[in-house]
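Have a look at the structure below before the remarks.
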Amino acid sequence: MSLDSVVSRPRRFDVGLGGPAPRLVDTRSRKGYDCLGRMVSLEVATHCRTGLVDITTQVQSAVAQSQVKHGMCFVYVPHTTAAVTVNEAFDPAVAEDITATLSKLVPAHAGYTHTEGNSDAHIKATLVGSCQAVPVEGGKLFLGRWQGIFLCEFDGPRQRRCHVQVINQSGG
Amino acid sequence: MSLDSVVSRPRRFDVGLGGPAPRLVDTRSRKGYDCLGRMVSLEVATHCRTGLVDITTQVQSAVAQSQVKHGMCFVYVPHTTAAVTVNEAFDPAVAEDITATLSKLVPAHAGYTHTEGNSDAHIKATLVGSCQAVPVEGGKLFLGRWQGIFLCEFDGPRQRRCHVQVINQSGG
Amino acid sequence: MSLDSVVSRPRRFDVGLGGPAPRLVDTRSRKGYDCLGRMVSLEVATHCRTGLVDITTQVQSAVAQSQVKHGMCFVYVPHTTAAVTVNEAFDPAVAEDITATLSKLVPAHAGYTHTEGNSDAHIKATLVGSCQAVPVEGGKLFLGRWQGIFLCEFDGPRQRRCHVQVINQSGG
């Protein structure tokens, strides 16, 4: 299924400026997201083969736009060589250690069967996971003090997408 | 808690034919699923000790049956030696590389404490995860172009189950 | 964002007694949780640097309190050196094997960049994941026969929190 084929209601999405390099695309100045139902898609430009990109600010903007006060936020990458995680956003050395250790555990070249040369990226994507859930309370991401949300690039540099779906806590 | 003890409303569930081997059981011809609330349980027969089974078609059928248009789909395995992941469904070599690399990282025999001989499978299950979330838009799984949903068998061959719960995006 | 800054409606939360050591704090006798919307926060005291703590009973109490009959339960740790997983709760040797194997894969000291000495814990947290989803049917966690929910401590002993958010399956 092509992503574009199901885009039904494009709308401008105000995201904040990106964090430190590699930077997020500021989609205010371009057609950089799609909105379907309440779901928002972010565009993220990555600048290295492997690395973590802090997308917390942009996900928070999507949560605000959803107008959901209490619920869960899901950040999903529609790619097979990237992932999403929550980890420390304060010291960038943590992201470096995560990236380097994953590359030690899953080397770039190890006699893989897949012939495109990026099997390591696929394997890392399955280890880290393509979707990250975060609680929403009071209309905001309910992250711990040191937590941030990261797109994990394992086969860049590329233009990536992240879908942000926010689900209301209802009924009961 | 036994799975069977909470089954309250069994109902026939039309699933498509399985993908390439190992194949899914076609539950049209047998009592192969249970429906509780809106949740659907799939039966998946695995044919090797370790391997990935593409269950995308069956999960899509469960999403259609739920009648949810916008929301999130959760695919959950109620087993402790299996997992669920999203990765490339086009080239089966990717699934082979994932399986083989996990077996290198977590060897079958490594002086484990658990005496049932399947500690590697339990550890892989925790690394990959027992639940995978995928957005739903327009009544369909909002997967990326190359993505499919896989049951990861780590201690087969066995008859496995996958619960598919679809949550509506509401309120806001 | 500080956790305390968004606590708006503290309320007593009756949790059961903890499982085997390391034990859960019995929050009945102290200010041990917060309730926001329907979300409940559990306090978990860990007693070793690394180990798994069975929190199934406490999560089940939070599900009962939510009054949700059909939906999904999300267990989220707001920490960057801890995680949540579902695995076998019957034989404690499984949890030991998981803990020991993670420590082999990600050694405590390996020339990490982060200077706090706990990079291994951050990396394990990303491998296992900070949020675990479990279906809810009939007002109860719909776990498999052998499954339990575990807080994974990777940099203890510490006082930890787990947020339990239960989302209703609605509409459709």
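A, B and C label the chains in the order they appear, each numbered from 1.
One rule holds in what follows: a contact is a pair of C-beta atoms (placed from the backbone, for glycine too) under 8 Å apart; a residue touches a chain by one contact, two chains touch by 3 or more.
As the structure is a computational prediction, the values presented were derived from the model and not from experiment.
Peer 1: Would you mind reporting the rotation angle for the C-alpha fit of chain A onto chain C, rounded to the nearest 5 degrees?
Peer 2: Rotation angle between the two copies comes out at 120 degrees.
Peer 1: At the place where copies chain A and chain B touch, is the share of residue numbers found on both sides over half (same) or under half (different)?
Peer 2: Chain A and chain B contact each other through largely non-matching residue numbers.
Peer 1: If you average the Cα atoms of chain A and of chain B to get two centres, how far apart are those centres in Å?
Peer 2: 23
Peer 1: Residues of chain C that touch two or more other chains: which are they?
Peer 2: Only 105, 127, 129, 133, 167, 170 qualify.
Peer 1: Please output the residues of chain C touching chain B within their complex, sorted ascending.
Peer 2: Where chain C meets chain B, its residues are 69-72, 85-88, 91, 93-94, 96-98, 100-102, 105, 127-129, 132-135, 137-138, 140-147, 167, 169-172.
Peer 1: What part of chain C is in contact with chain A in the complex they form?
Peer 2: 1-3, 6, 8, 36-39, 66-68, 74, 76-80, 105-106, 110, 112-116, 119, 122-123, 125-127, 129-131, 133, 163, 165-168, 170
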